[in-house]
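What follows is one structure encoded as structure tokens, with my remarks underneath.
Order as written gives the chain letters A, B, C, D, E, F, G and H; numbering starts at 1 within each chain.
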Amino acid sequence: MLEDILKQVQKGTLSIMEAKDQLATFENLGFAKVDHHRKKRQGFPEVVYGEGKTAEQIISITTALRARNNQVMVTRISEEKAAVVQQACPEFTYNEVARILYWKAEKNPKVNTQGYIAVVAAGTSDLRVAEEAAVTAEIMGSTVHRIYDVGVAGIHRLLSHAEEIQKATVSVVVAGMEGALPSVVGGLVSHPVIAVPTSVGYGANFNGLSALLTMLNSCASGISVVNIDNGFGGGYNAVLIHQLAQKGERNEDTLL
Amino acid sequence: MLEDILKQVQKGTLSIMEAKDQLATFENLGFAKVDHHRKKRQGFPEVVYGEGKTAEQIISITTALRARNNQVMVTRISEEKAAVVQQACPEFTYNEVARILYWKAEKNPKVNTQGYIAVVAAGTSDLRVAEEAAVTAEIMGSTVHRIYDVGVAGIHRLLSHAEEIQKATVSVVVAGMEGALPSVVGGLVSHPVIAVPTSVGYGANFNGLSALLTMLNSCASGISVVNIDNGFGGGYNAVLIHQLAQKGERNEDTLL
Amino acid sequence: MLEDILKQVQKGTLSIMEAKDQLATFENLGFAKVDHHRKKRQGFPEVVYGEGKTAEQIISITTALRARNNQVMVTRISEEKAAVVQQACPEFTYNEVARILYWKAEKNPKVNTQGYIAVVAAGTSDLRVAEEAAVTAEIMGSTVHRIYDVGVAGIHRLLSHAEEIQKATVSVVVAGMEGALPSVVGGLVSHPVIAVPTSVGYGANFNGLSALLTMLNSCASGISVVNIDNGFGGGYNAVLIHQLAQKGERNEDTLL
Amino acid sequence: MLEDILKQVQKGTLSIMEAKDQLATFENLGFAKVDHHRKKRQGFPEVVYGEGKTAEQIISITTALRARNNQVMVTRISEEKAAVVQQACPEFTYNEVARILYWKAEKNPKVNTQGYIAVVAAGTSDLRVAEEAAVTAEIMGSTVHRIYDVGVAGIHRLLSHAEEIQKATVSVVVAGMEGALPSVVGGLVSHPVIAVPTSVGYGANFNGLSALLTMLNSCASGISVVNIDNGFGGGYNAVLIHQLAQKGERNEDTLL
Amino acid sequence: MLEDILKQVQKGTLSIMEAKDQLATFENLGFAKVDHHRKKRQGFPEVVYGEGKTAEQIISITTALRARNNQVMVTRISEEKAAVVQQACPEFTYNEVARILYWKAEKNPKVNTQGYIAVVAAGTSDLRVAEEAAVTAEIMGSTVHRIYDVGVAGIHRLLSHAEEIQKATVSVVVAGMEGALPSVVGGLVSHPVIAVPTSVGYGANFNGLSALLTMLNSCASGISVVNIDNGFGGGYNAVLIHQLAQKGERNEDTLL
Amino acid sequence: MLEDILKQVQKGTLSIMEAKDQLATFENLGFAKVDHHRKKRQGFPEVVYGEGKTAEQIISITTALRARNNQVMVTRISEEKAAVVQQACPEFTYNEVARILYWKAEKNPKVNTQGYIAVVAAGTSDLRVAEEAAVTAEIMGSTVHRIYDVGVAGIHRLLSHAEEIQKATVSVVVAGMEGALPSVVGGLVSHPVIAVPTSVGYGANFNGLSALLTMLNSCASGISVVNIDNGFGGGYNAVLIHQLAQKGERNEDTLL
Amino acid sequence: MLEDILKQVQKGTLSIMEAKDQLATFENLGFAKVDHHRKKRQGFPEVVYGEGKTAEQIISITTALRARNNQVMVTRISEEKAAVVQQACPEFTYNEVARILYWKAEKNPKVNTQGYIAVVAAGTSDLRVAEEAAVTAEIMGSTVHRIYDVGVAGIHRLLSHAEEIQKATVSVVVAGMEGALPSVVGGLVSHPVIAVPTSVGYGANFNGLSALLTMLNSCASGISVVNIDNGFGGGYNAVLIHQLAQKGERNEDTLL
Amino acid sequence: MLEDILKQVQKGTLSIMEAKDQLATFENLGFAKVDHHRKKRQGFPEVVYGEGKTAEQIISITTALRARNNQVMVTRISEEKAAVVQQACPEFTYNEVARILYWKAEKNPKVNTQGYIAVVAAGTSDLRVAEEAAVTAEIMGSTVHRIYDVGVAGIHRLLSHAEEIQKATVSVVVAGMEGALPSVVGGLVSHPVIAVPTSVGYGANFNGLSALLTMLNSCASGISVVNIDNGFGGGYNAVLIHQLAQKGERNEDTLL
């Protein structure tokens, strides 16, 4: 594109003033291009963080995004707020456990056709965060296996699912309280583990600090951590990795 | 004893002044009696915390304690300091891994003849603390089974020792870094677990805070926690419980 | 059981496919067995943490648990939620101070016939947590002596109960604010002390952190600590120890 | 393998006693198998954490590991300690910036032939941690592009390397002080970013806490975080992802 | 003024008693003078912190302040409370995004006629704090350029405004979550940057602590920080600097 | 003094210029007067904080102070540094446990002739801080009763000294680890208690934070707290109170 | 009293059984005596902490206390709760700013006839805590001078009250936000200063932690600190000191 | 410059390939230009953070910087390291209190000819940080007035310098321990105050956290804060402001 502009300047079909304008645009597009590529290749939706935004703000943002995207996704949006948005935007679907409101341009085919993401959760109280991860990954086109209620205090429950977890391409492991689950999972698998601490617990759990520190200090290799209760982040990271693992995906010419 | 004093006052064989003196003593003995009973029944040694004391101070304290005890034990004492103390007190034995210097009046028979304490440790770096627990328990008369290097990141190592841990009367579980081991052990056993966090680790381990919080927040029941690196406390608590579990021990007349 | 399977394979009465299935089951039962043994020997109820669960969820969980247990216990359940559950499950009893809802198959005989657990509490504001400990222990079959309102700022109140506490098999000591009570009790008794910090207090108490740190740093030996406000954990640990102390309980053949 | 054992029992070529022994082994191998697969497929070395271990301990551990591995790697080992180990194990190579001592059975061919890992570092003081990540990745068979000294306070330095970073398969971004670099990189790329906070800084950096929190709170998607100064963890995670991205790697039959 | 008093004493037109009174007053005025000068020279309004004050208290304070000031400004006042105050004081204007209620004696001419303050904000959630800064600065007489929604995760958005920010006299940079924006801005400009962390975020953001630490640890020079969510402080500091930069302002005789 | 100046101006014996100078001085003296009164009335020494100062700096400061004081006191000074200072200032005395170097113009008579300060310490490791308090109080003219090694874990030791502590005018209570001692003492006495937390302990003691929080949260009334390890502050506060309690001391005319 | 009992035993007018009973009582009374003395000498009311107690509980406690005390005081009680209590106990007075409900047997004469306590507060938002201190002190019989709204950011306001503060017997200094006021007051006076941090502020004030740390680290001598928002503790400590300062109060025979 | 390139393309004197190269350079220069302008206009030296760098590294960096700058400055460099550097670079000057090593191309004329920066410090222990600020400012061309040892505990010392501070263009206020000085100074002046917390203190000062929080929470307006011990940052910010205040400095055409 830069070359085109220069050629036109050379040919005289573009004035210097116009060229300067276009180069300014180009510079910005240079970075916007990244976003463009991302969406095209990965089918990634535009994501709106719903907390602290009014239904009206969300309506106007999502309407704008719909105009130039195939998918739009709003996270951390309450049932009430979602209902208001849906009145204005009836084509949006709401998942009440994951608290995600989303829309896809058409019934997208499954993007990631090989393998699956294992979303593993310690307790039933971690469900919301785990579902935020799982639904995020599904909207983004991945197959998800849910393995829930397998906290380390009943290690046999986890072990009876060991093979299913081991065969996943990548795992998202969600745990509150002592947050020990990612360490055990990390020792069982040979793929990357995204650990998501939750604020579930009381007392010296300090709103998830306990689980967060546990996960950061894991003696198992291959674990990385996202913010407390950040199910979306866990799911998003897993999809990035899942997509890289698609066969033939990494042709240099199609990349980026 | 109170009755004796009063009877002598009644009989006139004790002046009021003398009675007052003896009652004052009695009051204090009332509490000292506890210590006396403890030692007699449990064979508990007197314990000196060695850190921050000079070899000279330790020599004078242990000499005094030896005069009225069957056992004396110094914890957190370095090899160098122990060597100085041993020159003055050659009858003391030093355990360099546990950093414990101790003496027993005679070759005590094993006090706790039934069952054993399992001392379970996550990593080789937790060895010092684990040994402090184990040696403390042994000096106090318990049998100890050491199950080391069974961190949760390689859960199969732990599971291959599950039966040995399950058969113990009580477990002391020592772990640094993420400190998840007690949660897993707690889920495998039906006896009390004393969890000992260690300061082993780096970064967001914050000198053992990570492991401490993990253990306090354990979702497994039956776990209680002592201070960071407090192997002695772990061993001591375990022996208290182990002794309670000795058959026929709880005759009301001999208790306390 | 493993032997049985192998024998049937040997005899040809079990196909290899079936044997593989059964061995997979066996592996899991190997750990489930632990839970089974626990319940049988200790009469331990299944415990549901009620906070963050809806009445509906609790009804479905407790109904399921009742089908295969002699006791079911729900902790941290509000009066309102308990009332809803009781409409569906009228055989459940609610203790409003301890916030525990529970059911026992029949009027269980007292399991632990010797000795008692002392539940010691510093202030009247610590009552809820202390009662959670006491009621937990009672449901699990232990005799409990309550010694309340004996905070260290009026040491004579505590001392006038010293003998009652000393004669207990194990103590649960509950305190908020400065949390100093376990240290003083720990110095008076020769049995294990389970310390329960509460979030009672204000300002630099930091929601129980102050009491928690105090207890972890206690200079008295024989103290271990559970999470802030974890009365259930305190009671549960005490019962584990109390049961170990029952005379003749530790016949190797009946253990586990 | 389970099937083999059962078949032999069926055929009578294996006694029930021997079968039980082998199944016990099998159970453990069930998990050990994971490690075996991992090494074979990924060429992952066995890793020893060198800090807190004596040269003697390291020599005995690495000697044992060499006997059954193609690669052995010791992290966090000082130059002095490494020199002692090298006297006993002259076939080991030491990288003094990364503080890694390692050995490979033969000159391994590059395992990951497509793409590369970008190791991006903010300041020259973050070099040690960045090199730990880079050298780890190289030993594990990945190509690494180092993009150093591109802290956010001079954003143009980073931008002039934008394309090189964008073309990587995965990035490891290392930063101390305010730790803002991963957020900016995360906004430029569409691949996963592993963020490594370092303890570089002073004052309110609180030994890396500042950078850690920054990275966990990043508003850019696709970022996950490892422990403070954990360059090894950053490199290891990146290689896991890099290997998943190898073309044709995910044939179900060869996986795990 | 001191000289006047002394002269009158010398002349006998002032009694020693009266002089003592006046000197006492003078001493206090010595400091009050500062406030007086400030208002006169800088047109600084008196500022009332509205949080935790009732509408009645605010009415009485603002009425008193209006009597002896040209401007009065109330920060952190809710829409409801402001409405009540406005009923009593209809000449006050309320800005609902900035939550500022203010009054100026007359339509003040723009005080700072040269240059402008750039108020730069990372996300839309930081708007309230950014507006508090911007409106504060405008009320105090500065021109403000708002550059919003330019968080570092989309660095090109920020860069497309680089020139506008660089040409400002001083910048106020507002950011929550990871708080990295001031570091990037600080590297782009050569003027002072006032960084304002916000409490926007969740989990390990710890109510703004994360952004605060990031900003304090910035590797860019020329950045100083105010309290979390302190938009007023950010705006106020910027105006102080903006005024210093007015040409010819610093005549010694008019200063202070 | 102000009146004098004004009278001289009135009389013409002082020029306005000279009066202005003297008034400037007066203003400062107005506050310096406080210090002057304090020293005269209370015999308070000038205090130098020795930590972080070189022997040379201390020599020059103490020499200057000696010229205009009856007493000089240097706290937190090591034995080595004190020896260097004493070579230059042989009239100074060094207390090596309290790490205080001091000098008094003449053998001061005991200033506070009634009552005494009880310095109460929990463990032998708290000795240094306790002695800093005790020696400070003695240098300042108070009688001190030392009651050491009376930690709450052996409550009878404390109780056997209860009367001695109760009869004191004020207590300084020094404790590390869990820091519970002030609460118990506070419950026994009816006079003010100055609590001094020490950094003695390990693990979750966090350099004295544990003891500090305990003391701030004490449920006993009448306790106030100084900084961690601040024995000097404890002693100084106690002397201030002790002096107020001296009979007839509070004649309005001599006060201040 | 001990002597009396012994004499009666000697005389035979008291049986040994009765003597044992009385001695048991005596032991407890030995400590209760303290409370008795305190109330008699100092006119100290019994104090009930109202927070977390129901109106019913407070009614029953205060009724019981009224039966054996001349004064009863309830702190931290809301206006609503106080109204309920007053319906049952109409003789109680409620102070709504200090949130204290109290009763005195008769119109007590001022107990402390000499001097006064200065209660100094930084901002109007600190009023509640300051009033809690002032009203506590007044109920306990001290004269209080209130010096409010003298925060350090307008140092001349404080200085214009310097003399009034300096003439007090003891000061209670209340401050939130940066909490710097006690340091400045401490440098102006020669009497003890009780510092009370408040939770007033926002952002990095962390609920009073900021002010608390400031006060503990004060470079002024003679300052001790109570818990955050603990106005009662500040007032109580001040009265203890004020009473000690009463002329002639410290006759050995009347003390304690 | 962009126009030049385009014109040459238009004229055909520049090939498209060359133009692309130059535009790539231009893009980077776009940002580098900032640094260039900064140095030219403000006389700002290049600054090297010396901590954690070897003398050799510093020599090579400073040599490179000297080649293209008029000034070079190394902060946080020890006396020993500086001596080594000076052997290689004898034209550098070392200030041992500020620990700054610097070089200026020629004897630069004072850049900022009007007004001065007041560097105000609380205690003698804060000297190092204060000098780092002062020397930084002087090297950068500002006049500095040092006002040291004016901590708030002796408020008259500060007040006797009030006028000198008030007349400054901007103040840098350095304080450790409770860090209250900026609040008091901020209330006295009408110019911007840069607050620098120091780590001076002990116990609950937590390495400067106490002073940092105090300053962030200051109730005085016009205060902004830099990192703990960051004297350089304080001085640098002050110079930025000082230069803005130079008369006639802000001609639009010369700016940037």
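Note that in this section a contact is a pair of C-beta atoms (placed from the backbone, for glycine too) under 8 Å apart; a residue touches a chain by one contact, two chains touch by 3 or more.
Computed from a predicted structure; not experimentally measured.
Greatest centre-to-centre distance from subunit E is found for B, with centres as Cα means.
Over half of the residue numbers at the subunit E-subunit H interface are used by both copies of the sequence. For A-B, the equivalent interface within F-G, A-D or D-E is the one where over half of the contact pairs agree by residue number, namely D-E.
Centre-to-centre spacing of subunit A and subunit G amounts to 57 Å, using the average Cα coordinate of each chain. A separation of 61 Å divides the Cα centre of subunit D from that of subunit G.
Distance from the subunit C centre to the subunit F centre is 50 Å, each centre being the mean of its Cα atoms. Of all residues in subunit F, those that touch two or more other chains are 27, 31, 154-155, 159, 188, 203-205, 209, 212, 216-217, 221, 227-228. You'll find the chains touch as A-B, A-C, A-D, A-E, A-H, B-C, B-D, B-F, B-G, C-D, C-F, C-G, D-E, D-H, E-F, E-G, E-H, F-G, F-H, G-H. Those residues of subunit A lying in contact with subunit C across their complex are 124-125, 154-156, 159-160, 200, 202-205.
The touching residues of subunit H, counted against subunit A in their complex, run 2-3, 6-7, 9-10, 12, 16, 19-20, 23, 27. Of all residues in subunit D, those touching subunit B in their complex are 27-28, 30-32, 49, 51-53, 57, 197, 199, 207-209, 212, 227-230. Those residues of subunit D whose C-beta lies close enough to touch subunit E in the complex are 122-123, 151-155, 159, 177-180, 183-184, 186-188, 201, 203-206, 209-211, 213-221.
Those residues of subunit F that touch subunit G in the complex are listed here as 31, 34, 37-38, 41-42, 44, 47, 114-115, 162, 166-167, 169-170, 188-192, 194, 212, 216-217, 221-228, 232-233, 236-237, 240-241, 244-250, 255-256.
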